[in-house]
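Could you have a look at this structure, given as structure tokens, before my questions?
Think of it as A, B, C and D in the order they're written, each chain with its own count starting at 1.
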Amino acid sequence: MAAPGEPELIRTQLDEIHERFRTYGTEEVVSYYPPEAEADGALFGVAGTNVRGMQWQAGDCSVPFPLHSVSKVFTYGLALEDNGAAATLRRVGVEPSGDPFNSITFDEVHHRPYNPMINAGALVAADLVAGRDVDEKVDRILERYRSYAGNPDLAVDQRILRQQLRSNDRNLGLCYIMRSLGMITGDIEEVVETYLSACSITVTAADLSVMGATLANGGTNPLTGHRAVPREHVRDIVSVMMTCGMYDAAGQWATDVGIPAKSGVSGDIVCVLPRYFGFGVYSPGLDVHGNSVRGVALCRELSATFGLHVFADPEDARFGRPSVPLSPRDATTGTG
Amino acid sequence: MAAPGEPELIRTQLDEIHERFRTYGTEEVVSYYPPEAEADGALFGVAGTNVRGMQWQAGDCSVPFPLHSVSKVFTYGLALEDNGAAATLRRVGVEPSGDPFNSITFDEVHHRPYNPMINAGALVAADLVAGRDVDEKVDRILERYRSYAGNPDLAVDQRILRQQLRSNDRNLGLCYIMRSLGMITGDIEEVVETYLSACSITVTAADLSVMGATLANGGTNPLTGHRAVPREHVRDIVSVMMTCGMYDAAGQWATDVGIPAKSGVSGDIVCVLPRYFGFGVYSPGLDVHGNSVRGVALCRELSATFGLHVFADPEDARFGRPSVPLSPRDATTGTG
Amino acid sequence: MAAPGEPELIRTQLDEIHERFRTYGTEEVVSYYPPEAEADGALFGVAGTNVRGMQWQAGDCSVPFPLHSVSKVFTYGLALEDNGAAATLRRVGVEPSGDPFNSITFDEVHHRPYNPMINAGALVAADLVAGRDVDEKVDRILERYRSYAGNPDLAVDQRILRQQLRSNDRNLGLCYIMRSLGMITGDIEEVVETYLSACSITVTAADLSVMGATLANGGTNPLTGHRAVPREHVRDIVSVMMTCGMYDAAGQWATDVGIPAKSGVSGDIVCVLPRYFGFGVYSPGLDVHGNSVRGVALCRELSATFGLHVFADPEDARFGRPSVPLSPRDATTGTG
Amino acid sequence: MAAPGEPELIRTQLDEIHERFRTYGTEEVVSYYPPEAEADGALFGVAGTNVRGMQWQAGDCSVPFPLHSVSKVFTYGLALEDNGAAATLRRVGVEPSGDPFNSITFDEVHHRPYNPMINAGALVAADLVAGRDVDEKVDRILERYRSYAGNPDLAVDQRILRQQLRSNDRNLGLCYIMRSLGMITGDIEEVVETYLSACSITVTAADLSVMGATLANGGTNPLTGHRAVPREHVRDIVSVMMTCGMYDAAGQWATDVGIPAKSGVSGDIVCVLPRYFGFGVYSPGLDVHGNSVRGVALCRELSATFGLHVFADPEDARFGRPSVPLSPRDATTGTG
């Protein structure tokens, strides 16, 4: 259980960190996606939700943005649910490849994309979602995402989807190549529309923190108590975030920040600290890797301040890792 | 603190698992290293040491074997200590590359080997160890390894070292290529002899479990209380084991077993579960990847039985994760 | 001028070689394209036409087959004609890459496919053909191909084209990837239909030998006297056949056979010996590289028998290289 | 036979071209090898020798320089002579790889370096030279090279050899890697010393033109009448120069210049036009590929002026390809 006064202490720290990074790193920003997002370049929000449902917010946590690549995490979860871990693994691997997001190399030994966090693997995951047609698949995706966020209003932004469908050569190319290799079998327009619909679902930083907290909480939304993904698949989802979530800088992230995470080109990042927290960050300015400049800096700072690195020594935290609100089933882990 | 009776329960489980895997997977064995090790093919030991210094053993835990690639973990620690994290990172990366142990590809963007768990990176780490000559470097390595193990008798097996020095073309080739690229600067014979001396240090499964426990315990040997590596570097060592320790199967291991680990061609594996345990496993029969067949199977089973996966849900454990013997400084993490 | 009796001698040799290879290598055949072509597995024709318009035929020289990849040679010629050598080179290189026909690697330094003999480069060449739409482009291609063959009846086999358009994932994938990289800009369906229309033009071995002879004759059809391609581009076309025409075995072919050539999956091969001959070979059984088993063996034998290797010593020929029927403009080369 | 007055015409053209390029391209020079060669940056010589033994010289044709990579051509010839074509091909391929000279990739399908014109393949060729020790191997190499050049004074420059042996990491690295892969078996110091001794043999541009002419003349030195390499291997040597002689720009060279050639880091180039000529060029300033800036420009001009491209149309030559001085055995090729 949280120590008395601890929630307030966390709030203070979070506000202080948010304020400190509000004007950080503008000179590192190399692009906005889409370019017109530059107008929103000052937006900066961070929200945290713990597995007891307690929530902290700082900055612009009510501004909607499309999930983009962050959706890969949750669609992969649905692929696992619909096909089981073994059948999913036959179609998409879990190995970091050292390649960037749009890599056109494949794991030729196993005849599959390397992992579901790069585009090729995310397209296969979209192909694996059950449903007779795009509408059914997207409906199921939406339903799950709403469960993750505890927000029945999540929806596909049709304007963004149409825009994505218009500038889509790389994904179509990956799909045609993969179908020629027998890695996907479905209708390509459907696969791509399914994938891009998930990318075009809009959330807020607050929503995103709850989605992360649902994974941290074993798949059950800590606010609503509803299950978003079977417990048995959560560990696989989080593990692949840890090793592959930050593309070709995954190893550096695992060393420095040490929190399973996934970034998107909106400038969004979701972090999942199993049994503790989910974080959602949003700040549109992107670095050379396509990650949010402020988002990455903030996550690094949060990890250092609260000792959130999964391999952190308790002494690593400047302010102490926030206590886990332990449930009875955690008995063996902690209160002994 | 350990629950009353828990140590005995763990012992029983460990004995049961060891017995179950004693004859496991003989048909998967494709090689022994060196080939004459086949004579010892029945050897099979596993030892666990927790951060309180409690130790469990099953099977052949007193048989000495050379560390081989498991040494990469500890020499990397000494490189970090002697050079600092930043200077070390300039010379050797922390990214998984998807390549096998003897890869001759390099991170050309950063002009360094991808990580210290593949041979190229381990040779650079050996080059980074402080010392005026091989003797001084090897003396320092030995001193540190003895601190890790709490065993002042650890020594380089000179017969094995001479054998290694004789069949050493790949490592010499890597060194010459790297020196031509400016990635190493020292005398190549010295770099290779330093590296191979560390590989030729012999330990037992019991020693290895203590070496792992020292990392799990933030760098202080839980039996002797002596520090083997500065606390500030432990997290970096363990993180790179997590993402790169099992070569081209690192992602699969991170998903399935979820414990930072490193294997060697003797058939040895060290596992480190920070704040809990170190394990040392020894069984000479190797699979196609060069990993111990029984060792890998046993680690997978230990992870499942005790819920040791770093992202394990408490319910994942069939018998419950062994309780952490919490020290006072762990107060914020657990008992709140 | 041909020595008296020489044409008859060549005919005898050709008949003898054709007969000798009629039953050759059946055990090396690994596939037919399309599979139903196996029914025509016994078909085997070879025709040669020299730059004076003299023609020799042996076997099945009147059976029509689609050009498939052999068309890459002639469409590349049209791209050069329509854009000039410099502008064409900016879009598609002339370097052998050591890769197979369906490679998805690109010359990233120069931002273009490696060469026009692999699919990626052939698609760019199709994109470079002038014309307001597919119909106009295909009309111009047809017109040129008819000039090459001196056969006004050459036509696209619509049944084969439709079949190609149905199983076309790889080419579509390559186009989408290339458009995402800015290597092509046009409508992808048009580019692919243009390319596949050229692949679906049907010819006979006799036609193909005339098409080759037209290149050997500096771009002017030796039968009709009509120009099929500007003289200034012939050398570039033939050079790229020499270094890139036989995919990943181009070096071996250049060493062993030494005649600029291009193969197609129908089991067709065109050979061009500048200033001397063109050959057309047809035999459907394919080897592991997708080349005609009998075709390759026959070309090797023709090269050895007549000393046709471009670097052949006159003594290399068992029967003497057939004399060049020299035109007046050849005066400086030979008769002094 | 040469037309009356033709030799004088060639001399005039060669002088004119040499004069025109004497100050060419200084701004393209990026390096000299070794750096102190910059002092000789103005040196520029070109010599041509035809298969009748007629010789033309322009500029600095008596200045000695080490052969460096140009030696790869002639040592490969000796490897073929000592082992036969089939056994040599099992050890080193003939495929262009699209890689630069110091590539550390190998043809893994055939377990050998791609070709003998890159360092890895040249080291294997040196390993293939018969001889009980380095001295014997180098003696045989020297003997052959003297036959090629018709110059009994050719010798290894011991100062240059020692310099090469000191900065030799890349070649040692390649050898150790290849021995670890089973691609070479000999003593590595011996292999490298043999290779570097051949690189350190000094010649003049005049010598080099005779060495090329010997290959153009089927392996017999046209000045001395002595055989330097068995006729049966000449075609293989020249073919591999054509496809692999200019590293990663081999295709561009084959298209533009179209003469089998090999360059060295001294700023030397040898060209071989079978049945016609050999050229030797020397000018120390190097471009980004390590080729002589003036040398490449001059070869391009010579090819255009005299129509020397192997696929040149007679009309391509501005001045007409110099007539072949036909020997009786050439009867079938030309005068018929």
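The rule we apply is simple: a residue touches a chain if its C-beta (ideal position, glycine included) is under 8 Å from a C-beta of that chain, and two chains touch if they have at least 3 such contacts.
Note that the structure is a prediction, hence the values are computed from the model and not measured.
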{"item": "Chain C and chain A - chains in contact with each", "value": "none"}
{"item": "Identity of the chain that, by mean CA position, is farthest from chain B", "value": "C"}
{"item": "Gap in Å, rounded to a whole number, between the CA centres of chain C and chain B", "value": "58"}
{"item": "Distance from the mean Cα position of chain B to that of chain A, given in whole angstrom", "value": "31"}
{"item": "Multi-partner residues of chain D (each touching 2 or more other chains)", "value": "none"}
{"item": "Pairs of chains satisfying the touch condition", "value": "A-B, A-C, B-D, C-D"}
{"item": "Complex interface listing, chain C residues touching chain A", "value": "104, 169-170, 172-180"}
{"item": "Chain B partner contacts - residues on chain A that touch it in the complex", "value": "1-3, 93-98, 114-115, 218, 231, 234-236, 238-240, 242-244, 248-252, 254-255, 258, 260, 274-275, 309-317, 320-321, 323-324, 326, 329-330, 332-336"}
